[in-house]
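In the two complexes that follow, subunit A is the common piece, with subunit B as its partner first and subunit C second.
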Partner chain A sequence: MSSGLIYYLSGLAILLGINLIAIWGLDLQFGLAGINNFAYVVFQAAGGYAAALFALKPAKAYGSFETYLGGFNLPFPLPLLGAALVGGLLAVPIGLIAMRRLRADYQAMAMLVLSLIATGLAQAQTGLVNGPTGLALIPQPLAGLLHVSPLGYNWIFLGLTAACCVIAWWVARGISRSPYGRLLRAVRDSESAVAALGRNPDALRMTVLIAGGALAGLSGGLLVEYVTAWGPASWLYPETFLFFTALIVGGKGNLAGGALGALLVPIGIIEVTRHLPAFGYPGLIDSLDWVVIGAFLLVFLWFRPNGLLPERKRVLRPGGAEPAGTGLRAVLAGRRAGSS
Partner chain B sequence: MTAQSPAAAQAPATLLHVEGLACHFGGVLAVQDATFDVRRGTITGLIGPNGAGKSTVINLISGAARPTRGSVHFDGAEILGQRPHEVARHGIVRTFQQANVFGGLTVLENLLVGATPWRGEQIGAALGRKRGWSGRETELEAGAWDVLRRFGLEAIANDYARALSGGQRRLVELMRALMARPKLLLLDEPMAGVSPSLALSIADRLMELRDAGMTMLMVEHELRLVERLCDPVVVMARGTVLAEGSMAQLQSNQEVVDAYLGGGGGY
Partner chain C sequence: MTLLLSIIIFGVYSAALLAIGAVGFTLQFGVTNVLNLAFGSILTACIFAEYGLTGHSTNIWIAMAVGAASGAVISLLVGHVVVGAFLRRGATGFGIAMVTIAISLMVQFGLEAIQGPYILAYAATTHATMKIGGVVLSSGQLTTIIVAVLAMVAVHLLLRTTKLGLAMRATAADVSLTRGCGVSPARTRAVAWLLSGALCGLCGVLLGLGEGSFSSSTGSDFFITLAAAAVLGGIGKPSGAMIGALLIGIMSQAAAAVISPSYKTIAAWIILIAVLVLRPQGILAEFAAERELVA
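Moving on, here comes the complex of A and B:
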């Protein structure tokens, strides 16, 4: 295997990990709690932007060829922690604007509108994020300390991404298996019944919006630190639907389903179409990405709305918990038992 | 859950006092000047023709609807205008006109959500060690199995609630409400859409709960069941309280007969 191919595959594995974190964050919000967060990419973008600002030196240090707020030159891992923090904190204003007093379908519309406003603002305000050009020269974690080849650094970054994936998995698994996760699934099914049983559905949704937002922010921070650039055009609202498609195809409410969706949709489809022989007018293949993703989404919504690995049933027996298994095992067990 | 404590025995007989309750939806007067009491240990019936305001009264007490004026005193506290989860925390649990179960949860999980709020349900506990909440969770599971056994429904414990019949959903809603150990249970047409045999079964359960000291306010159209279960009965018509008393007393009240029961008192 050539070193070029190894470099490419290691980069692909990093992108898979970054998408995995983002999709697990969305799974908490959408899969568990039923929040149609159509502004999800804004959380990821905000995390990416925060990581960039925390890692970059002040603009003057680069000859002021780009303009942005701050530039704090913080050492690793503070930019990533800041990214997660900003992603989580962003949930508070967005949640207050879009989730209070609105029904689920209107919440989705409000989220989408917020996403469009955020993009418009980022592109119009040149002093904020350097306008549509975005930010460049974002320092990579420990890049100044490690003197390794580009491939060697890829392996190091892959290790960092894997560590972040483990953290994201721990958060998502802890939530989904806990009584708190059960309440979120109850809110997804009936907000009024949850309230009638003494729980505040608004507060429950807000907490999970923060948790999912933090994971989105972390994934955005990792992405920006890997590609060393941040541009508003990379975080448009269709990216949100890419994550939704991955979750619906893989299976929402199931961590293994989210992982499968991350592999199939943002990595699988994009990479397969990237290697198609050129045909048609320039840009046709890029457009076909979205056609294929849209078709995937529709087919699954029609024929397999619970995805390839549906949410597993929590089977309990008198005297203690007895889970039916996870992921593929649960699907197979469900088929054998003929249950839903 | 059901045995009366000495403190409860010394408590005032009235658990819920509704005074001058009114609610307008735009120009529509849904409830006007409704006043009645619910005494401890009774099943108080709330009957009346369609549009009389019965369900709106339940919604006002439970916080699901906003009042125009009035007061609702529950166990010594004014609760009118509080949000549904705040009202529930006083010990008032309701069921809905359309059985409102968590379809994506199993029956047992529905019951576990019914338990009174506890620390293990907070996000901090979810991100901490399982040992921090598993003990209480096991206790709640045992309690839920106990309720299922009392209703003879262990067999459907691990079925998704969305897969149940309408009658079974009613029972799940009732069992879930009991998990909360309510001081007052608000029942909004608990027999609606239920087969006659299941309705009788539900009625038996409600009588057992009443005999054990639980207090209930029940909206119901099936008057034979109301006569069997409820004393007193509050009659509403056109948003206001028309009369209150036992079914025998109401059958001799000409105003009630004209407004709701119909000629001859045969229902």
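Moving on, here comes the complex of A and C:
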């Protein structure tokens, strides 16, 4: 293989890892707990900006050619940790605003509007994160400390991404298999039953919004450190539906489905088509990508709404030794076992 | 003083534009109970259709007629055929929101592919201008206000005095009782999609002419502002949407004049969030009881 191709493939693998983390985060919120978070990309954006502002030096150090708040020049891995932290913290205001007891479609619309407001504010407040132009020259992790070729650096960054993926997988799997994960599925399937059992669905949803938001923030931080630039055009509201499409195509509510979706949608459609032989005017392929994504979404919602790898049906076996089920019936069983 | 006057006059103009779309959006929601997130993309599609069909007509009345007709057709296709099929398959709330988003993405980016890297200029020849206390209003803006008032009166009369309007209000209130009275809810819903699309197309053409240019994202931004008007007035209520449009129109003009022009739309969107959070039934009450707005 030519070195150019290897370089390209290593970059693709990094993007796959970053998307994987983001999609698993959304799977926690949407697949597991049933939150229609149409503002999901804002969490990723916030993580991206956080990583950028933590890693950049103050604006004066670059001759003030861009304006932004802060610029803390923190060493690796603090910007990434900060990104995850900010992504998680952002869940609190967004959750308090949008997770009211609204109809599902109203809630989705409120989230969508929050996403548009975030984009509008990032563009209008130029002093915050350099307005519509966005931030550039964001330092990469360990930049200047390692003396390696661009390809060598790609391998190092791939290792870092893989490590983050393992952490994300461990967190998501842990939540999904824990009693807490069962409660979240129960909230998704029958909120009133969970409330009747004495659990607080709002609090449960808020905690998983924070956990998913932290993963989104981490993915945003990695993305920004990899591409070294971040602006409002990178996180317009359709990006949210890229992640939703990935989950609906792959299969929501399970990690393998999310992984398959990450491979098929953000990588399979968006990234790979960047390297089709150019036809038409520049940007035509990008537009057509989104038409394909919309079509994918419609086709899957019609023919296979549970995705290619559907969530395993969890059934409580009455005579079984272990509480094999999850979801509402398992909660009921757990309660019954606890009370007897 | 001139500032206040211009806020009010251009506020009324924005309100007129918003009201045409918001009434269409809210009427269709009230009758069909489908939150149509593709409304903005349909609005853009109407401008493209009008631009393509009449070859950029300079006559504002022909433009409006073509825009309204194409809107009715597109809306019927999207709403009655595609969304209707998903509804018959048993999709609900979130699933339908996803379907309308998918359609919206396909339409918007399909139009972007057609449009190419250009912004399309769009203007009807305007002749006279009118001067009110130092504020100049173009004939196009004046026409928009007049058309909006006529459309509002027509919708009001349709809903209050005709059999069709009665059927629509009945379908909004109770589907099974309506069916029991021998009225076909499916046909009433189809009419609601048609009417909503016609108003959407009218709004789109007037918006495009007012802005002087359009692109594939013109409608999706305007849609959120228009939805703010509909939600503020109590979604599903055409009369509420008119009041909502007036409030949003004047408040967003005030935000543009007082803070900065880039806050014109953001102000409207923040109002939308505030209403959704604090008072989802809208500023006019009485409505929430019959429709399960608060789950």
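Just so it is clear, the second predicted complex is superposed on the first by the 304 of 340 C-alpha atoms of A that agree within 3 Å, B and C clash if a C-alpha of one lies under 4 Å from a C-alpha of the other, contacts with A are read in each partner's own complex, and residues count from 1 in each chain.
One rule holds for everything that comes next: a residue touches a chain if its C-beta (ideal position, glycine included) is under 8 Å from a C-beta of that chain, and two chains touch if they have at least 3 such contacts.
Since we're looking at a predicted model, the values are computed, not measured.
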| item | value |
| --- | --- |
| First (subunit B), second (subunit C), both or neither touched by A:284 | second |
| Touched partner set for A:106, first subunit B, second subunit C, both or neither | second |
| Partner chain in contact with A:294 - subunit B first, subunit C second, else both or neither | second |
| Partner chain(s) touched by A:190 [first = subunit B, second = subunit C, both, neither] | first |
| Which superposed partner A:57 touches (first subunit B, second subunit C, both, neither) | neither |
| Partner chain in contact with A:304 - subunit B first, subunit C second, else both or neither | neither |
| Which superposed partner A:198 touches (first subunit B, second subunit C, both, neither) | first |
| Interface residues of subunit A shared between complexes with subunit B and subunit C | none |
| Of subunit A, residues touching subunit B in the complex | 171, 174-175, 177-183, 185-186, 188-190, 192-201, 207-208, 211, 311, 313-316, 318-321, 340 |
| Subunit C to subunit A touching residues, read off their complex | 35, 37, 82, 85-86, 89, 91-99, 101-106, 108-110, 112-113, 116-117, 221, 224, 227, 260, 262-263, 265-266, 269-270, 272-273, 276-277, 280, 292-295 |
| Residue numbers on subunit B that touch subunit A, as the complex places them | 62-64, 83-85, 88-89, 93-94, 96, 100-106, 108-110, 112-114, 116-118, 120-123, 125-128, 130, 133, 137-138, 141-142, 145, 154, 157-158, 160, 163, 176, 180 |
| Complex contacts: residues of subunit A adjacent to subunit C | 36, 97-98, 100-106, 108-110, 112-114, 116-117, 120-121, 123-124, 238, 241, 244, 248, 280-284, 287-291, 293-295, 297-298, 301-302, 305 |
